[in-house]
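Labels run A, B, C and D following the written order; every chain starts at residue 1.
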Amino acid sequence: MTYDLQLSHIGKVYDNGTPAVIDFNLDVNKGEFIAFLGPSGCGKTTTLRMIAGFESITSGDLLIRGKRVNDLPPERRPTSMIFQNYALFPHMTVRQNVTFGLEVKGTAPAEAKRKVDRILDKLGLMEVAEIRPTRLSGGQRQRIALARSLVVEPDILLLDEPLGALDANLRKSIQNELKLLQRDLGITFVFVTHAQSEALALSDRIVVMNAGRVEQISPPRELYTRPQSIFVARFIGANTLISGQVRQASEGMARLDSAFGTLEVQPSHGIPEIGAAASIVLPAEAIQVLPATTPESALRADYGSNVIACTINRLQLVGHILQIGLTLPNGEPVSLEGHADKYRDTLTAGGAAFVAWKPQDATLISH
Amino acid sequence: MSTTALSIEARQARVTRWLLLPGIIWMALFLVVPIAMIVYVSFWTQTTFNISPKPTLASWQQFFSSSTYVDSLWTTIRIWLIVLAATFAVGYPTALFVGLFVKSKTLSTVLLVICVIPFWTSFLIRVLAWRPMLGKEGAINIVLMKLHIIQQPIEVLLFTELSVIIGMTQIYCVFMVGPIAFMLARIDRNIIEAARDLGAGFGRIFWKIIFPLSLPGVVVGAIFVSVMVLGEFATSGALSGRKVNLLGNIIVTQVGSLKWAMASVVGVILTVVMGIVIAGFLRIVDLKREL
Amino acid sequence: MEQRFLKSVLGVYVAAFVIFLYGPFIVLTILSFQQGPDGGPQFPIIEWSTYWYQQLFGLTPPSRIAPLPFGDALIRSLILSMMTMVVSTVLGVMSAQAFRRKFKGSSVVFYLIVLGMMVPGVLTGLGTSLLANNVIGIERHWYTTAFATHVSYTFPFAFLVMLAILNRFDASVEEAAWSLGVDPWTTFRKITFPLIFPGVLSAMLFAFTLSLDEFPRTLFASGRDQTLPLAIYGTFSVEIHPNIFAFGVLTTLFSFALLSVYGILMGLSVRRARRQAMQEDIA
Amino acid sequence: METAVFRLEGVTKRYGDLVALDNATMEAGSNEYISFLGPSGSGKTTLLRVIAGFEAPETGRVIFEGRDITNLPAHERGIGFVFQNFALFPHLSVIANVGFGLRYGKSPQPEAEIDRRAHEMIDLVGLKGLEDRGVDQISGGQRQRVALARTLAMQPRLVLLDEPLGALDANLRGRMRTELRAIRERLGVTFLHVTGSENEALAMGDRVVVLDRGRIIQTGRATEIYDSPNSPDVAHFLNRFNLFDGTFRAGYFEGPFGRIPAPGARRADRDVYAIRYDRMRAVAPGSAVQGPALKATWIASEYLGSAIVNFFETDGGRVVEMEQHLSLGAPQTFEPRQDCLLTWNPEQAIVFGREAA
């Protein structure tokens, strides 16, 4: 089968010799929602602009629906881009903005009007169709940009931080809209963001980038619970890292000597070398907080040796979420949260408790 | 309790009034009143050596019955239109290059500075410099003959209407380049990328996006050029050998011979022409909004 | 491809444009080295010499060609430009500051001010001299009537420059100062003014340059004592000699030197700021 | 509550036709943390700006420490203000920013005192060592602290914060929340905090004031607002409820999920049924369900890290959200366009009705 979009050993070196993107490989299925996530300057926007055709590709092949498009200018690629600032034509009305792409294609006026009406209606822009976009709100402008891109029926929609310019309130609702729209249309979306919450919420797969390199490509949940590198572990989620030395390792179980004694973990990618330095990555969601009164035997039965005594500093109920701040014996602070139903009245601020986790809920990363 | 005190709003309004007052008074006294004066004096009675405020239409009748005067009105309008078109034609491509095509900010600043440097030479000397350029033995003829493009020197270059037009175009084209380049530089590059992304080629992007967005710059430039060309008298005086008489030239001669009333009539006509031109341009673009 | 081709075509065009712009100046420079005192302001060059430059500084023996009478005129022009610069910048800052608040009739006031740059100089000059001469009956001087017309011409430029600067000015820093108990006047002195100072400088530069070279307004309104442009204009009516070209070259070089120093200083400070920022990034 | 530090009485503010504040009345005690919640354009920021004296109200009075300050200009009020964009003085160093008000304000201090207090504040917000930096040479989080220190140096009894954390990224925002609360508790100053995030409002405020189209529509403790919003609008702004239109009559609510008993319904101007996202359950289409049953199709899910939100579409084309917190166990998974039946415990719903007592 052919993929909608393929990046094969894509590299980009700027004119002054600095590499921007190094050996980027990715195959995207039709209808997938892909996010490029990383800190600023990691090369995610450059990659997106290479796909759109605004940046030249130094090495590697870029294929859209099986066809190599490295040398096609942006106007001849079946991609459409949503810019961070939306880049609407300020001197045209909303309708003229949306019609522009069809005019260029030479669509018959009647046909164009029908298509534009349909997309304006779908995105709830009918009422503002004859107004210039400069007078509209951020959310509306974003929808105009979407309409302008979608009306030309691109194979792939590229989005460069499309939620970045919106205020926090609006972001959540627009985020939902975007997700539902993508599911509805079934077009491939490639989305650049530096906000992990957006990437986690929206995408089918996330490409985490750092300093021009791909660190990990995984579905959101896997990325969150099974980071493959220390960078990802620190960048994504709220992980606690416990370092130590591998003492024993086999297919299903590894044991690690740490400041909290011997800890058990199920290695998820390969069997680590014995004696190697490694870290256990513990997602906040994997950590169970148990009252100090829990009998030791019950703890051992469920969590093996993965039990650490701790002190609770802070408990705060925000809505139905209980936010817990606690300190491990080595003084390291850990913040986590749970549904209020789960922890109802079992914990007291200032008191002692246990943290525990199941070996399969943590990840081992060798250094 | 300061309940009787002025509200914050009223206090701010008072500050605004005091800030504006000096400027308004200055402009009223030294701009509006003088122009009103021109209108007023144009109806005064003029004798050979004297002028008295007895109302009369004599000067007006004299203006419209003299073909020299009426011709100068048409000459002024013709030269204005030609110079306006020429400065636009010469200036727009330059502005396009400086404002849009040059990506490096430093280079575009350097180019703009290059355009502005001639302004540090006195305006009158710049006008004068065209004489050895255009003359029968001038630089242009010398260069063209050296290159064997022409055999005989071109004589229409100096002391004709053409020399006035060439001179004015060179002197005023920078006023076109500046505002247009400014508007072009303000265009968000992403907008042009978005248009390309939607499949548009350069021609369409230029006519549908770039040109409309630069229009306010064109209008501002056109206003600058119009104001200066319509009020010109020095360039035409120095380069036409007194063959081209603009309204400005007539005002100068009339004032020189102390014919204040006639000078005022011409002044009023110039004001009216100016008013129509500026009002026309401001209909295209709201100057206040573009700032 | 299409765009790159267009860019090179435009590049060539701009080069031609620059030649067009500088042609007269180049010719003027060449002719300023004409032989003196007998060589005229035209080609061919009889013999290269710096006679006319020497003449400007009074270094040549007296001849039938009188030295340019520019000394006093230059000083008058400089004083007039300074006065104009200060007054129009102050007025410009005040009015632009007032325009930050919406008020009734703002359009009328806006166009009243902008009118100053839209009325041809001959008209303002004529009107002012009519007013002084025929109605009030006072004498015209460069430091009274001409000064008034100069300011009514440069004030709009200063106003527009300041308006553009203040439009982009983030008012929240002023509000922050007020909320710290600092009164509006101190806030203006300690916060607003330092922040808009670059704009004030360019408004001053604008006003100074325009006033220094202002001719049509001054022609009617300045009375007996001439300013520099009037003195130059005066030489038009008699025979022209290359000394005026030499004078043009010198004034241009002088202002160009000033501008370069300003540019280099700006460049250095920008580079220093950038280097500092880069160090911060690395740290 | 102790005596009010500050009171708004019937304040109204218009911009042309737009009513930014409509007869707003509220008060704040000393040493209180009040957060404002409402959609953008609800008048939150205008409210703060009226209190600060940056805007003048058309009607109503602003009273601070027993004094009517409605007509007092901002610089004579002694009320602190922290801006979303921080509004630091870009041409001054960190220490000069913090000392600015002490130096040029109403009661200028001697240099030694300015220096002492500025350093004290810089220590308080944890910026020791950065005193001489320019404010463009420090990070966003540090700028936020400078803004706070600059305001607190004046020892105001009331500090207004306009989305103070809005410009910070998510990680930093969490940390700054805790810090902001801690600093306030140490100084015992009253904070009025405007935020666009309902989470922030609930987490930070001792009391929460909900605004809508310029009107204050509910005031109460955070838990009170969350557990019992007094109107469908408040429930909507909390962003945690599926809201269904229907008819409430005689103790029953009839909606797209059938007719179910709704004891304890609240009086409101329209009939709305609200059920929290995390109270929804999805079961197979054929299951026998007691109480509400809503036929729906699964369309998408969003992973939030600590929770999963599933989106369903009902027959009427409405989108319904269901949240499962991962601390409660492994989440349900769905196939694309899978049909489900959504249900919940009706006792956990909040019902609004015109006919309610």
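The criterion applied here is as follows: a contact is a pair of C-beta atoms (placed from the backbone, for glycine too) under 8 Å apart; a residue touches a chain by one contact, two chains touch by 3 or more.
Owing to the predicted nature of the structure, the values given are computational and were not obtained by experimental measurement.
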My parser should flag the chain pair with the most contacts; which pair should that be?
B-C
Once you find the CA centre of chain B and the CA centre of chain C, what distance in Å lies between them?
16
Chain B to chain D: how many Å between their CA centres?
56
For chain C, what residues touch not just one other chain but two or more?
184
Multi-partner residues of chain A (each touching 2 or more other chains)
none
Where in chain B do residues touch two or more of the other chains?
201
Judged by the touch rule stated earlier, which pairs of chains are there in contact?
A-B, A-D, B-C, B-D, C-D
The chain D residues in contact with chain C across the complex are 52-54, 73-81, 83, 85, 87-91, 100-101, 104-107, 136-137, 147, 150-151, 154
Note: in the complex, chain D contacts chain A through residues 39-40, 166, 169-170, 174, 178, 196-197, 199, 202-203, 222-223, 226, 238-240, 276, 278, 299-300, 302-306, 309, 311, 319, 325-328
Per the touch rule above, chain B residues touching chain D in the complex are 1-3, 5-9, 11
Mind pulling up the chain A residues that touch chain B in the complex?
52-54, 73-76, 79-81, 83-85, 87-91, 100-101, 104-105, 148-149, 152
What part of chain C is in contact with chain D in the complex they form?
170, 172-173, 175-184, 186-187, 190-191, 194-195, 276-277, 280
